[in-house]
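Shared between the two complexes below is chain A, which has chain B as its partner in the first and chain C in the second.
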Partner chain A sequence: MDGRVTLNQVAMRFGDFTAIQPTSLEIESGEFFSFLGPSGCGKTTLLNMISGFLTPSEGSVAIGGVDMTRVPVNRRPTAMIFQNLALFPLMSVYRNIEFGLEVRGIDRKQRRDKADELLDLVALSGSGDKPVAELSGGQKQRIAIARALAVEPRVLLLDEPLSALDLKLRQHMRTELKAIQRKTGITFIYITHDQGEALTMSDRVAVMCDGRIQQVADPMTLYRQPRTDFVAGFVGENNRFPGRVAAVDGGMVTLDAGLPAPLRGHADAASPLAPGDEATLYVRPEQWRVGSAGDSSLRFGGVVQAEHFEGAWLTLEIALDQGGTVRAHVPQALESAGIESQLAVGSPCRLDYSPRGALVLPGVERGRANEESVDVAATA
Partner chain B sequence: MWRQLRNRFGLPLTMAIVSLMGIWLIVMVLLPQWQMIDYSFHPSLLPAERGGAKDVWSLTNYATFFHNEIHLAIFFKTIWSSVLVTALTLIVSYPLAYYLAKVATPGQAALCLLLLIVPFWINEILRTFAWYIIFAFRGPLNELLFALGLIDRPIRFLNGDTGVLVGMVYAYILFMVFPLYNAIESLDTNQIRAARDLGAGWGRTHRRIVIPHAKPGIATGCIMTFMLAAGSYAVPALLGSPGSRWFTQIIYNWFFEGGDWNQGAAYAFLLLVLCIVFVTAIMRIFKVGLGDIAK
Partner chain C sequence: MSSSRFFSWALKAYLAVFFAYLFLPLLIMAAATFNESRFPTVTPWTGTTLRWFSALWADGGMWDALTNSLLVAVGVLCLALPIGVASALFLTTVDGRGKSFIYALILSPLLTPGVIIGISTLIFWRDWGVNGGIALTVIAQSAFIAAYVMLMVAARLQRFDRTLERAALDLGASQWQVFRRILLPYLRPAILSAAVLAFLQSLENYNTTLFVAGYDTTLTVYIASKVRTGLTPAVNALALVMILFTVGLAVIYELKRRREAARRIA
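Our next item is the complex of A and B:
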């Protein structure tokens, strides 16, 4: 069963508006693939082109190597799980799951066997005769999965199906979805704006912005080696230091960002830098070491502006002495306990990072309103 | 309901509202209805004989109906034709309502609704006359069919039931389109998409998803259309032929030509009973309650 999905220069335009720039992408058979991006980035449009609800303005969509561009939605080997699940409220659980089989003319006995098998898979055996309205949120979720799997799709498309669930259930369903994907070996294509979902479940993630794929990579690479300013800011948090390249030494770059000490970080192998280039250094909040005002081993000084207790860590907003604000995480493990008593709001502190934990990308992106990253020099 | 009203409006205003409603119901609905039923069980008498020895309860008026084969035939024909009108109206309205609710852009829907409503600014009798002209022996429809080479001699549309059926479908289409539109509009579009995605063609998607959801709307539309059709006078009077007489025309004749109000009241009461039976039957068939229809 070949569940490869190939997008070949697909583009989607609605009048003057380009929802999807020409995009090519190959999703492997049996892969858990996510499209991650803010709302309006075009991820749902891409999903609709794969499912057949939209015909691309340009380019082609192939599934398992067969061109599907003009194949209507009901003839495609895909099944979709909708954001609101779209279970049929007037039918029982059995009837919902069997709908796709009934359409295919499969007889009653086989339908029921298949439905029981799927109810088993989603751990809801015995609830086949219940009306859909009597199910809880998590149960509805599972029935939607069973209904989609019943038609034995080669590709399962999931449109933010977990967004309506509460946090605990959502985390639980992530594990289950991943387990079901492994068991069935079906290609899962998952749409989400929640990076936690994308990073925890996916084999690979495509980060999208303004109708363009910014980067396709496995979750760890995406976090450690973002390719673009958008990815660096959207996936996880980042502190930005725009400046000019002072020196390049193998994989390490020294950046002059108008701070008392030069900033060092490793460069992205795919985008080489030369001295004099404009570039931005990114430091993640967890890469900072924060110490008391007397700790002279830390190169930068600042004043704590605000602190947010987040359980496992404390997030500090620190105003650097040279201007600009940095967000830093202080882990709340027992060994570091006590340090936060010296880091009360208004007290001075010292901080530094390890160059191995910082990344330098070419270019200086200004004016992007991105609440998840802090642009240090722009406020300086 | 009383408590809800009182909490919202206070006691004096609630009393006023309820008593106005009560007066309206009693004076405008119940008393005239009662008067008619009372009439139907009394013989037709001269004013001087009222309250006299001859003024007794009797079933004579009903017996007249059941012994008159022509009237019986017209009665059943009216039922059958009204069912036919209802079915035709449903068939015409469903695609239109679906288009308005789920396919058209807001601009297209507004234009389409306007086109549907504008003719209804004109009186029903005038609209029916328009069809009378269209259907005339030497009228535009015959001219058109002739020009297209579809017929070689004019058709007498106004001779049989064709004119009446077309005229009624046209006259009552809005009463079917609006309840259908409301019902289909409330269906989550993802339900339709999900059915399609699971492999259902358009036919099955409508049969299994859209129509079951729209059932209360279909029931409401059918009830309204049937009652309007069964109670219609203008359309059969103008577009019908002597062979396609409607039961309402017989009632009219008893009242205004026969001068026998008591006989007419009996016939009118039979029509009322028929309509109540039909509404109940439709509600049973579609498994909907009064609450669903009132929505």
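Our next item is the complex of A and C:
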């Protein structure tokens, strides 16, 4: 069963508005693939083009190497899990799961066997005769998955199906979805704006913004080696230091960002830099070491402006002496070592980072609307 | 304390007057059925009798009229239900100015006096060689009854979750299967109530029917003509039979509903 999905220069325009810029992408058979991006980035439009609800304005969509561009939605080897699940409210669990088989004219006995098998897979054996209205949120979720799997799709499309669940259940369903995907070997294409979901479940993630794929990579690469300013800011948090390249030394770049000490970080191998280029250095909050005001081994000075206790760590907002604010995580293990009393709001502190934990990307993007990252120079 | 007792008393009194206003005429009408008097009245009471029931039974014209009325009502169901449901479905697929125009067009017979619908239907179809009769009555009544059906079905349709259609399509259903298995079951309660309403509207219609019924007199037209030739309590007997029939149906429905509700709880 070949569940490869090939997008070849697909684009979607609604009048003057371009929802999807020409995009090419190959999703492997049996892969758990996510599209991650803020609302309005075009990820749902892409999903609808794969499922057949939308016909692309340009380009082609192929599944298992067969062109599907003009194949209507009810003839495609895909099945969708809708955001609101869209279970048929007037039908029992059995009739929901069997719907796709019934409309294909498969006889009663076979339908029921398949439904029982799927109920078993989603750990809901014996609830086939219940009306769907009597199910809990998590159970509805599983029935929606069983209903979609019943038609034996090559590709399962999931449109933010977990967004309506509470946090605990959501985390549980992540594990469950991943397990079902492994067991069935079906290609899963998952749409979400929640990076936690995308990073924990996916083999690969495509980060989207403004109808364009910014980067396709496995979750770890995405986090450690973002390719664009958007990805650096959207996936995880980042502190931005825009400046000019002072020196390039092997893989390391020295950046002049108007701070007392030059900033060093490693460059992205795919985007080489030369002295004099505009570039931005990114330091993640967990890369900072924060110490007391007297710790002269730390190169930068600042004042704690706010602190947010987040359980495993403490997030500090620190105003640098030269201007600008950075966000730094102080892990609880350090906290208990007795530094917390010196990091109260309003007290001075020192901080530094290791160049190996910082990344330099070419270009300076000022004023990007992105609350997840802090643009140090812009706030200066 | 005393003021709340006053209000409670006033509420009871109001309810008593209200129900008396509703049901007293019906009671008097029913009582008149059993009066000997040749006119439908309770005063003077000239003697108790059941002979108006046998008079009703023997009134061939009345039976013909009732048959015609039922035929017309069934015809209206066959014509107005599909038209009403189809226009409700159609209205959900169009947008903008076209929508309000079509909406107004379908509703306009509701705002048109029934007499005018009757006369214009007669004139229009006469030019095509169709004269007054059962068929024309069905057509004329359906003109406005379809609008009622459309309103009731559209109200339910508005609350329909369109992603259910998308889900069904996605699972491989054809457009017809989506309609047959998803949309129609959802609309069923609205269509059933619309059918009951359409049936009753058709049975009781007089002013439109009068012009298009031709020689196929319906019950309402027949009774009205009797007013001129002399009304007897046989008409009261008919009314009583119809009321008992309706109330009987309502009671059976309610009992069945309660039994089902009890079973669901158990």
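Odds and ends about this structure:
Note that in this section the second predicted complex is superposed on the first by the 376 of 380 C-alpha atoms of A that agree within 3 Å, B and C clash if a C-alpha of one lies under 4 Å from a C-alpha of the other, contacts with A are read in each partner's own complex, and residues count from 1 in each chain.
Following the convention adopted for this analysis, a residue touches a chain if its C-beta (ideal position, glycine included) is under 8 Å from a C-beta of that chain, and two chains touch if they have at least 3 such contacts.
Note that the structure is predicted; figures quoted are calculated from it, not measured.
After superposition onto chain A, the partners chain B and chain C occupy overlapping space and clash. By the document's definition of touching, neither partner reaches A:T23: not chain B, not chain C. By the touch criterion defined above, A:T187 lies against neither chain B nor chain C after alignment on the C-alpha atoms of chain A.
Using the contact criterion defined above for the overlaid structures, shared-chain residue A:T228 touches neither chain B nor chain C, since it reaches no partner.
Look at A:N238: by the touch rule set out above, it reaches neither chain B nor chain C. Look at A:T254: by the touch rule set out above, it reaches neither chain B nor chain C.
In the superposed model, A:T78 makes contact with both chain B and chain C.
On chain A, the surface touched by chain B in one complex and the surface touched by chain C in the other have residues 51-53, 73-75, 78-80, 82, 84, 86-88, 90, 99-100, 103-104, 147-148, 151 in common. Those residues of chain A that touch chain B in the shared complex are 51-53, 73-75, 78-80, 82-84, 86-88, 90, 99-100, 103-104, 147-148, 151. Across the interface of their complex, chain A is touched by residues 161, 163-164, 166-174, 177, 181-182, 185-186 of chain C. Put simply, chain A touches chain C in their complex at residues 51-53, 73-75, 78-80, 82, 84, 86-90, 99-100, 102-104, 147-148, 150-151. For chain B in complex with chain A, the residues that touch the partner chain are 188, 190-191, 193-201, 204, 208-209, 212-213.
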